[in-house]
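You will see subunit A twice below: alongside subunit B first, and alongside subunit C after that.
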Partner chain A sequence: MAETALNSAANQKLTLRQIFHGELWLKRLIILLMCIWLLVVVVAPIFQLLSKSLADEDGNFVGLANFVYYFQTPSLSHSLPNSIYVSLMTMVISVSLGFLFAYGLTRTTIKGKGLLKGIAMMPLFAPTLANGIALIYLFGRKGLITRGFFGTFPGIEFPLYGPFGIIFAEVVYTFPQAMLILFIALSITDARLYEASDSLSASKIKTFFTVTLPGIKYGLISALFICFVLAFTDFGAPKVVGGNYNILATDIYKQVIGQQNFTMGAVVSVVLLIPTVIAFIVDRIVQRKQVAMIAARSVPLVPKANRIIDSLFQVFCILIVLLIIGFYSTAVFASLVKVWPYKLELGFWHYNFTGMGGGGYAAFFNSIRMSLLSAVIGTALIFGSAYLIEKVREMKLMRQIGYFLSIIPLALPGLVIGLAYIFFFNARGWEIFGFYVPNVLNPIYGTMAILVLSNIVHFYTVSFLTATTALKQMDIEFEHVSESMGIPFYKTFTRVTVPVCLPAILEIGMYFFVNSMATVSAVIFLYSADIPLASVAVANMDDAGDIAPACAMSVLIIATNITVRLLYSLVTRKLKRRTQAWISK
Partner chain B sequence: MSKDSNQKTYLDVRNITKDFGRFTALRKISFNAGAGEFISILGPSGCGKTTILRIIAGLETQTSGEVVIENREVSNLPVSKRNIGIVFQSYALFPNLTAEQNIAYGLKNQRKNRNVIKERVNELIELVGLAGMSHKYPAQLSGGQQQRVALARAMALSPDLLLLDEPLSALDARVRVKLRTEVRELQKRLGVTTIMVTHDQEEALTMADRILVMNNGELIQNGTPNEIYDKPATPFVADFIGSMNFLTSAEKKDKGVYSVGNHLFQVSDEKSVRNTKLGEKVLMAIRPEDIFVSTNGEQATNEVVSRIRSMEYRGSVFRLVLDLIESGSGDEILEADVSTEKVRRLDLKPDMKISLKLPTERIRVYSPKGSNIYD
Partner chain C sequence: MNKIWKRFLMSILALLTLGLFCGIQNVIAEDLLVYTALEDDEIPRYLALFKKSHPDINVKIVRDSTGIITAKVLAEKDNPRADLVWGTAATSLMLFDQAGIVEPYKPQGLSRVRAKMRDSNPVPHWVGIKAWMTGFCVNTEEVKYMKLPVPKNFEDLLNPVYKGQLVMPNPASSGTGFLTVSAILQMKGEAKGWEYLSKLHENIARYTHSGSKPCKIAGAGELPIGISFAYRGFMQKKKGEPVVTVFPEEGSGWDVEANCLIKKPGIKKAAKTFLDWAISPEVMKEYAKVYPVTAYSTDMPIPDGFPKQPEKQLIENDFQWAAANRRRILAEWSKRYDGKSDAK
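Take a look at the complex of A and B:
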């Protein structure tokens, strides 16, 4: 560049004003701020958690001593195999059911596919606590199944509290996730491969093993890992139906809330984090390969009718859907029954919440407020930073760091985020190289802000990837054209990028709202007594033995989420009509 | 190589080198463009032609060298301050804005009066022949119409330099041919200096005042379409543009005399092999359409007897594949284009013996050293 400067001396000199390019510096500044913000809200708290796990109660570094203690104490370390066991079982059952269901939807000519899929996604809107509560009403001591529908039939007793209950609740929770991943994987397989296989007169079974399975290989791996991690890190269901069966997620809660042993809480969190991080890395690698597969143009498969197979899948899919409907109907019904199972009068008795712990309607409306704030702020932040990472040409390294930091939250279970946030935001300050640095973020501890922040980080990556995918579909040259016309990037962003990506933006908003409503893991550590939350109220009422009001609150959460989801569909449909003219044929 | 045109130099590209890590995409590229000139950068994919365009635009920064526009070094200027218009291969029309809004997009930022903007947009729509289409969205327009909107949008701010990146390659063959003329006429009318990148030789030959042929990050030849076609500087250029016969067993026998087997050929232009000694191998080349075919040949300069090995019908011409008989040169073959009318008149058939004349002034000779034709 020095040479260039010399050469150009002969030419007319540029004024500083011409070289100084305000817009470029603005972009640089925002990217820099974005990286700093991610470092502060993701990396620093996790670092704090890790260092806590390596220190004693007084903060002295003790190396792996806490871990040694953990593994030498059977009452603690037993939870690890327990957690692995329930997660593996959940994984196998969920992925098997999810595969069959997705196969029915994509490869057979069964009827009512849209409705079947819609109902199968129901569990996505429910807090996992609700799954546990529904199970109590089905398989508990006075449960519907246990008592044979109030004595109508001979009852069957299941050992609800323990692995059975946890696995059942987690299967309900993870089934739609497995189903959706496999649905996509099965949808993208190239029809021509099947035609080729047919033309080579390969048998159905051979085709299944040589075409179908390899085609969905990556989706299958992804589904397995995601189901495992979701079950491994879930807190809600085991909290309600875990009984004396200890698993890692409930251990963290017990250590921190029950025994105020923060160090051990941090240790268990790290133990919980290890398999999660491994799963995260595998999933990332697999996703990259999956993308490479989609890139090639493929011909969509149109399933052919086959009476026997179609009827089998029709029966199976209807059965699953009926089970899901029955599952949540039980919860709705139970929440309306006056005294289960003795007085079956229906009414809104339990929706009163007066005299109950947990905060009642104040908690419910706090949750709505928190979810709205998370949705609005989270969507704006994430879409904006995804835009900068994807569309700016400058600061490649910074943008790559930003991308990496945006992916990390996917590996962090809610409980870990919650606990890490306690450590980080509750700290008064840090001693760094002999300097005392006060924690300027300390004031947000115990406020609505930290709840919203924890939700944004908790659901960051999935939203970020949705935004990135939408942005990638837009021509990078939009930005170049605008630049050549002297239009600042933020104008193109608001005038073109946002309108065109509006469906993705709404999807992110919806995702944030629904998950913030249902989540309990991160916020259970962070809420303060004056800001009670609905999902936490469910946990607390269940703790106090007020199952019916807990159930009622769960129903309110589910109802809210389904309403929001329907609203989203409605808006999207309208939007689609308006934007039809933009989509090229 | 030709001298650059006499017009006032508008754009001066000096010694541009671009490295992507270890890979050198551009090696010391220098050329200039006179005001109002239409220059086409032609080359196979991956030769660096788009990179040089992006460097001129300011979308990419060169490793060394400089870009001078109107005697002003602009290497450190952002795209927005170089006063250029760009049309991309994908057009990059904003899907949520109508044709009119797309064209007005850049004008809106200039705080101009609404009526002034409207007038300018209408003028541009008229100019590119899109009257009546102004309220349509890009997706509702045909490829050719989208291309015109992109062109109108690029011209809206009256840039002094228009950069076209493969502007026609996404279109149907027919529309492409039609738009070639239109774009060229529009460019002439507006007098805007234009650089167009293309891999389509026909596009370059028909549209440009001057063609820059690039390969492997280097500028191989800079000349008018006529010079590029008639006097390709290297075997690569000769082979890349049009068809070319290469005779590899040629040898220098005397000043202006070359042999292929036991045939001798006289060559009038041997500048490119100035340093070749007698007896040394050369690469002799001639275009198929330059070979003159007759059935009643006689012993004359550059005339040889050959046998028709096969004939390929191409509509207006036949391409004849010919053996050089008694040349003793192994499998040297020549291809010649003969008009269909002549083939009919002479009743040419495979296996027939015919006479060929290779006009002295149409034969090119190249040094074989480092002149791999695919280089």
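Take a look at the complex of A and C:
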């Protein structure tokens, strides 16, 4: 009797150890798989793209010959200064406007801050193609502004097609990004610094340059880089309003889709990639220098009322918000007009999409399906990876490699991912050290899977950082306690980590959905004829000159995204009340 | 431990089956991949007829402008994806033929097709379905507003009052653009032709990639006059845009929209069925509803707004010359005028 009891106890002990051991190996295996997966979907395709740019059309290594040709052909290399010019202009305008707007929201006592911020985020939900299309209806030959609201007022003519149009559309696109980064930077401050400055009787302007600006230094640098890179790599707006002003992003498309010249497409991609990667590295180095702005004894700054400054900012913020509302209202209105500007009857003619290229409603529903898949699979993968990297103690080196690989996609423009994926997934196989390795991933080429994959990688890093931040806020003790109690990590993960991090998980899902709906750059190279997509349909209808239906499709995309975003706020608000109550306690 | 491993293996297995299943699905459904440069608003009308008579064949359409389809087929020549090409410029199909991508095929009912509209080989390499021709789309409201005369012929377009008011397709990507440029070079001779195009370039605001876009731009009033093709002008007018179509007095450039079978391992029977159907009287009547010149005459009346004798509007066109010189003409054109081209 006693013997059996002892025996069973020993057995139990053994199983426990076995569980612990198996769990360890499972962890190792998953971390290893995660690194391999990132190598395959991020590093290998980019490597393939780089090697393509160094080879001739038959695949022979030619060194930098393609680049020499590129820079010796003025019609090609002109695009680089053009791209840099529009991106710098966009960066300066966007960050200035974004700063003033964020300053108004954080450091003044203006009214309706929540509403102002909410509306200012509108452009985040629109494909950049839509910004271009709205501009045509505002500043084109028959635009509202150009013809003074159908002849009601004297009109003003702008040279829309070219740098003016591109910069305008990119400013609309990048403004909310700059504003949000600076909003966070301006929110985190220590009021004691201002008190000190005040007691030293420094002037307002001196305080601004010695306290405010240094305080948001890192946010400002980030905002500048992000605006530059977004404008530099965007393809949608210049496609619509670029006219014959060539820039790098449209050149890649022109080479690949227009002329089927994949080698030159790869070369231009590398030219596009280099400044983007430099910006990315510099930003990383600068951000690492950032020390905590908030010490334990910091006092949050409460903005003081100042009648003149407040009313100035109130007017400015309302003006910006009205401009944004006007901008997108024009698009909605134009999509409902029968024949702009000749027959101003309103109706849903252009929402029919029959006899149009692009795929109509099939494309729209494909896009929703793709975005849902990207959101679910992407969120699961990324949150899981972030958990392993953040909370596991074993395999430090592997986890660091995993972290590094997870950050890389931020430096990759969508067009580059799309083109790299064509090269990588359409290859039949590779000759590696004399061995022929067939490409087992080839079957996903031209399917929904590659579209979802490209979206996951395209929006990987931002989601990954969101997940990491959320996980960092959770005490590591949860893992230690579970471990010492012999509870396997996946149970801790599903029963504790996921429920606590649910708001962050939903946020990642929403981010994935919205961006997958609106993106055109990566998927335009990867979609196939039987899986048309809404954003690509906008590009194709615009290409065929069917601007009104293209506008209607854009409106559908924006409406879907705003709906999803509102649902998200609704759900998180309820959720917070129910599950996050412990945080405030 | 067993439990975990079991679960883990099971999920891997499930994933693998899923992948396999997707792969199998791709193999079973035998689709017909058709490349075409026909207009977006034509295709559904014709395809509806095909689907009615051949419900068992699943047709996938890849549509783009002539130059894009041409580049695509040529780029894929080592590993062709399309099964056949439908309704694409004969001058492009001749290029495919030169590259050895075409499988000759004699579709049923070939004897009806006019000699001018098919390849002369006994087993033809390509067979035409209809002709399309240059037409100017003129926005009547805009020319009135800007006090511009309505151009009647190619010479009129050189009038300096049109400076920056004309839009034309880029011949490198648009079939309409190419047939217009080729017509000008053939009518005037090369030296005078280029001279004309250079003067015309002065008046052009932009070159588009689609042949129909100039007409749509004119219809929307973005620019008053677009050099496009006749069908587009009539369709835009039907939609309620203030557009008239002008047939240039010197005659219109034209090309045959034709079909060919692509040479590849395992040519599908369905591809031949489709090519037979594409010149059958059933669909020919549908073509004739909007295009006055078809591969053989049908009893359909000439569509509204076209000249009474549409064949007379067509210039003498030497397709062999056009196809043989296409590459050279496009290179020369791009070198001279590409600066005003849209992005694509």
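Remarks
Everything that follows uses one rule, which is that the second predicted complex is superposed on the first by the 553 of 585 C-alpha atoms of A that agree within 3 Å, B and C clash if a C-alpha of one lies under 4 Å from a C-alpha of the other, contacts with A are read in each partner's own complex, and residues count from 1 in each chain.
The rule is simple: a residue touches a chain if its C-beta (ideal position, glycine included) is under 8 Å from a C-beta of that chain, and two chains touch if they have at least 3 such contacts.
All of these numbers come straight from a predicted model, not from anything done at the bench.
Contacts of A:24 after superposition: subunit B is touched, whereas subunit C is not reached.
Using the contact criterion defined above for the overlaid structures, shared-chain residue A:481 touches subunit B, although it does not reach subunit C.
Of the two partner chains placed by superposition, only subunit C is touched by A:547; subunit B is not. Using the contact criterion defined above for the overlaid structures, shared-chain residue A:500 touches subunit B, although it does not reach subunit C. Applying the stated contact rule after C-alpha superposition, one finds that A:357 touches subunit C and leaves subunit B untouched. Of the two partner chains placed by the overlay, only subunit B lies in contact with A:393; subunit C stays clear of it. Legend: residue contacts after superposition of the two complexes on their common chain; A:342 is shown touching subunit C, with no touch to subunit B. Of the two partner chains, neither subunit B nor subunit C is touched by A:413.
More subunit A residues lie in contact with C than with the other chain of the pair subunit B and subunit C.
Taken together, the two complexes place residues 18-19, 21, 23, 488 of subunit A in contact with subunit B and also with subunit C.
By the touch criterion stated above, subunit A contacts subunit B in their complex at residues 1, 3-4, 7-8, 11-12, 14, 18-19, 21, 23-24, 393, 475, 477-478, 480-488, 491, 495-496, 499-500, 579, 581-585.
Chain contact summary for the complex, subunit A toward subunit C: residues 15, 18-19, 21-23, 26, 75, 136, 140-142, 161, 238-239, 242-244, 246, 250-251, 253-254, 257-260, 262, 338-343, 354-357, 443, 447, 449, 488, 529-530, 543-547. Contact residues on subunit B toward subunit A in their complex (touch as defined above): 14, 57, 59, 64-66, 68, 71-73, 75-82, 84-86, 88, 90, 92, 94-97, 105-106, 109, 137-140, 153-154, 156-157. Note for the complex: subunit C touches subunit A at residues 1, 4-5, 8, 19, 22-23, 26, 31, 33, 40-41, 44, 60-63, 67-68, 71-72, 74-75, 141, 172-173, 206-210, 212-217, 219-223, 239-242, 338-344.
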